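In what follows, structures are represented as structure tokens.
In the two assemblies presented below, chain A is common to both, partnered first by chain B and then by chain C.
Moving on, here comes the complex of A and B:
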């Protein structure tokens, strides 16, 4: 079993101070213990948890409150029932008082409920961000590991590919790629929604794995020359086992850190891409809500603040949480 | 005339006209918040003034400045005079670029469009039974190159309009070929390869056009750019469409289809020869492909270049609401003799009960609010094709259907009775158009509530027209939000274009009959009306429309449209040409 420098360090410190003897704790356990003591991290984790639960329970909540984001739902109120001739809602904000029927008001022109749309938008954001983060982390780790551990041309080729993707103008590529992929499947309506959704995730993944791959490669390069790896090689441990049993546990820290910092980035990116009108034409998305609400800002500010606040809180919480995770996993920081 | 407007919820293509007889008032455009008189939408442009002479001066108007005109969908259709039949390009062409036999001018007092002479010295002289028209061509009119416009040039332009194979989008197919002598056989200079034909001849400075049947409305047709001069030999259709030669007060400086059209002063234009046009601004810059939201913001902001900007796209409902309060003098409302309708494909939806059910099922009010239309401002209830005010029009009682009435139960009952419950309606959906995406949801809900199965057919803004609207083989069976505007206020510019059968196989498209309506009996009756004496035709069209609508219901009327547009604070004299539902460019000037 590999012993990381971090764990050794902790152990040495504990022994040196003469405190209670340290039971065999893994670096991850230590990090989690440090994380639990971090108030900001706990508060952010709580926020993220609440938003996750809200997103998961979106159908339950909207069902219980009898609100709908999809105006084509048979039970949703029709536009002319809840909107005036100018398209503004006749109940609730912006021109009428608060109502529990629609706590965050109705969207102008369509009469879809803002709260319902927000919940389903959160769902989209989280699914997209989480899938993209996990997938890009997986790809990054695999490429980083392989490239760092294998000397020679494999490393050169993989490094070149990584550099190439890094130097690519990713936003431009996303803007150009999304409609191409969508138009490829545009004919089939059932497929279209799924394709748009998957496309968005794929695009985020394609341009999201490189930094981790580089980081991992660098780590592997230095670890590879360490004694415990050389010892393992000498006694004939299979490569697979070296990669997964010896190297990977030492890479937990950078992986977790990258993952936790990628999440908010992907949330923001998804909103941004939807705002620009990419991909999701028929799925609720916070970015699209912002885009819709823009033109109504002067008359109906709440309509814009709702999605902006949701994106803001979600990315801020995830970011702070990510920072804390990094601190917790980084042996060089002390609190 | 084909309709080209900010097809918000839907999309449209349409036609336009003016009443052949009778005076009548109303239908005027008015500034600010007054309600528009909806009884007379179609009764426009019936006034005539054959004596009018140039030059035209607008009191207090200043010269100079460049007017920027924003549009979302404009400039995608040909601006070749022979191929020009959309309302937006017609207004630009007639108002600024191309002179024709006659023209319209807006009477500032009544707000009506008045037919006045243009290249001809008067409104033409018919023979007794309106089968031969003579126009005397004015002296001193010059091309932008400085060369004299001759009667031969005008004659060639008129002959060229008969080439409906080369100019399938133009008005020739509907007026030149059916009415001109030998128009059924002669196919135009490019298709037939000769200018030898029976209809058009030149005698000195006179152009004489012979008809195959009485055509009392010819002076109105004379106002189309297609009835103007074309320089023979320099008019290769592909090239000329990109740089047509100007005879009007402005000429083309730069033109990129679907993007920009920049006009500059045409110094060869002589105001003394033109009874209608003016040349106050230094130029015009048309910018197409600008989103409605952006246009609204430019108009609301009224900053910098925005002050000399205008738009002919309807402003959105919320912008209208704000501008009503803050800058009512920069909002212009008016009417347009246009009707929007849903076009069920007659070849596919054969049972009238389904079409009637569709009529009851459509969520008119919801679609309007989602589409951003404002009832009684730019959308008026419709139960027929012809706009109110067209001579001879009969108010049709369409199966007892009320104004903007939606009754899903009745629709369901009709479907059940005819054994069509769950009938699948396939309609176009432009996935990259946000508003269309929302309207699609509204439509799905209403159709399903009425017992239909609703299937949107995904397309994109760019492919919409080619793949769906003009494509007879598209899988859709209801074309949503089609539109037609009259060419002049006569039933003859409503009924035949929309209801006369078209040989779809030969043409490869619908022409303007987007419902693919095809009843030999109706075709027969349309021809019978044309044979009637001129004074009886108006009533006959009205009766025929009633018969078609109540017996076949080939289209589902959505609304008669109005116009609500805005301009910057330095644009002066912006009024609506209510014959086109477009700006009356001839009256515009820019203040300092």
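Moving on, here comes the complex of A and C:
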């Protein structure tokens, strides 16, 4: 009697006694279940969710509260209306009490609203980190898959490039690259913000894909010798399908782990570069806010604490969450 | 052994050369006119002045030739013309656009500050980290151990510069424990030098030691399970000697690797520390040079020096292996 494929595909196997059917769980489902039981991870996920919602709703919130980070906005109060002769705000902190008009006060010298700036800064952080993480993951996966699966010179060339990038002092290069690229487009001041933004993401991607590529290559090297891949090759499955349909699903764990640990790293790098004055200056960035606020600390501590706390909480939550994701996907950790 | 060192030296040299080419190419092959920042620097920039500077800097030449000229300056004296003529002694890394001084001289002026911060901080976190790791491994499973693991995760998760900023706010501004935190050359006396850099060192040491503690702990836990440790304990060797002499020697090798690999991270950390604590080192110099208008000779010099330091650190670590761990045989 021939076994039809349909009979094999039945995912649920009932045992002889007719008790509860045993359903198979994929490793990803098991990991997600473990993650849901992790209290720290869930709290961090909640924090990240809140900050994401705040970042997404930034235009709505600032619009409703009538606050502006961009002082050139037609509805924003002009500097002479809200700042004294020394450049300090005349309403709200640091010298006057709390006011609902500007809950976190105004920035000295510019008069831009700190809450609005914070929300838009969060937005920038998240967009930069998310796009850089997704793009670098994509590049890392593709390069790792191709170099792991192809034998011969393709693998050697790709591995050499990966090793070169890894041994390269990437942080120094990042520092040097950002302003040099921007200077090439620097003539046009209207575009400055966009150019800085795109440059920053590109730089984070250029120096962010290598570790995943290596990880994936190693995994593919061992996976491609397994029977199911050999079987697929023997029956003539196209290479592309083997790569993306057979190999890729087995690489979910390293990809998800790298992605979730890259997010906080990129948030920290974006803010760090902007803090050094080499990242973003034309659009709101938490790092730039820190560097602006540093000189005002003795008179206006709140101005510095707002971005410092935001960066600290965001990276801490993302990192702890990423760490829990790694534990959840690692079959060796038992809790 | 000799063959290995030669091979490693060659690949290290390759990284350094490629880094310098990369910076060079980036600057000269980009769409921007490299003479522009220099032209904008003193007075208005008109087309004739720009054309003259472009010619003087050799920008009409091919990029390969220019790289050749630059590389040749590393071994022999060079005359550099932009506006006036500058003489530049070998090893010549160019003339700074903003100060008009020789880059090499300014580099050596600032090197001690950066090295002081990096070595002091590095030594501190290595020692603190390893000792904490050994202690945690020896008391595995206790409150000390679990507290250490949790603390290391939290500190590792917050960006380094945020920790440095908060330390600066509290220890320097609020409580005034370290009121005079900056770099004093060691020639002004060891006291001011030491006290001026203590806070940056502590920040570096504190933030990085947790990672080292974690690695050392992991390695030590594994090593303490080995037979030779049981033998040593059984024949009555003191506990501290077993821990620090017998076990640590085997456990420390991966930690040293990490230290070598972390050198890049240490240098970046130094950049932030120099910025926050206003230390006039190479990092701060590079940041200044990168601000508009870009001081290209300074940028290329700092990136090159950074690459050399990192590559040399990795090389030393690899060679150091064979001495510290008898199991490593380099072929």
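Here is the rule we use: the second predicted complex is superposed on the first by the 308 of 335 C-alpha atoms of A that agree within 3 Å, B and C clash if a C-alpha of one lies under 4 Å from a C-alpha of the other, contacts with A are read in each partner's own complex, and residues count from 1 in each chain.
The criterion applied here is as follows: contacts are C-beta pairs under 8 Å (C-beta built on N, C-alpha and C of every residue); 3 or more make two chains touch, one makes a residue touch a chain.
If you're wondering where the values come from, they're calculated on a predicted model, not measured in any experiment.
Colleague: First (chain B), second (chain C), both or neither: which does A:73 touch?
Modeller: first
Colleague: What is the contact status of A:324 with respect to chain B (first) and chain C (second): first, second, both, or neither?
Modeller: The answer is neither, since A:324 touches no partner chain.
Colleague: A:311 in the overlay: touching chain B, chain C, both, or neither? Say first, second, both or neither.
Modeller: A:311 contacts chain C only, not chain B.
Colleague: Look at A:297 in the shared chain and tell me whether it touches chain B only, chain C only, both, or neither; answer first, second, both or neither.
Modeller: Second partner only, chain C.
Colleague: By the touch definition at the top of the document, which applies to A:137: first (chain B), second (chain C), both, or neither?
Modeller: It touches nothing on chain B or chain C.
Colleague: Looking at A:173 after the superposition, I want to know if it touches chain B, chain C, both of them or none. Which is it: first, second, both, neither?
Modeller: second
Colleague: Identify the partner contact of A:277: answer first if only chain B is touched, second if only chain C is, both if each is, neither if none is.
Modeller: In the superposition, A:277 touches chain B and chain C alike.
Colleague: In the superposed arrangement, what residues of chain A touch both chain B and chain C?
Modeller: Looking at chain A, the two contact sets intersect at 183, 186, 277, 294, 298.
Colleague: If we count contacts the way the header does, which residues on chain C are in touch with chain A in the complex?
Modeller: It comes out as residues 15, 18-19, 22-23, 26-27, 30-32, 37, 153-154, 156-159, 161-162, 165-166, 169, 173, 264-265, 267-268, 271-272, 275-276, 286-287, 290-292, 294, 299, 302-303, 306-307, 310-311, 314.
Colleague: For the complex, which residues does chain B have touching chain A?
Modeller: That would be residues 293, 296-297, 316-318, 320-322, 363, 365-366, 369-370, 372, 374-375, 431-432, 434-435, 437-438, 440-442, 444-446, 448-449, 455-460 of chain B.
Colleague: In the complex of these two chains, what residues of chain A are touching chain B?
Modeller: Contact set of chain A toward chain B: 70-74, 76, 78-80, 83, 85-88, 108-110, 182-183, 186-187, 189, 192, 277, 281-282, 288, 291-292, 294-296, 298-299.
Colleague: Within their complex, state which residues of chain A touch chain C.
Modeller: Interface residues on the chain A side: 164, 167-173, 175-181, 183-184, 186, 264, 268, 271-272, 275-278, 290, 294, 297-298, 301, 304, 308, 311-312, 315-316, 319-320, 323.
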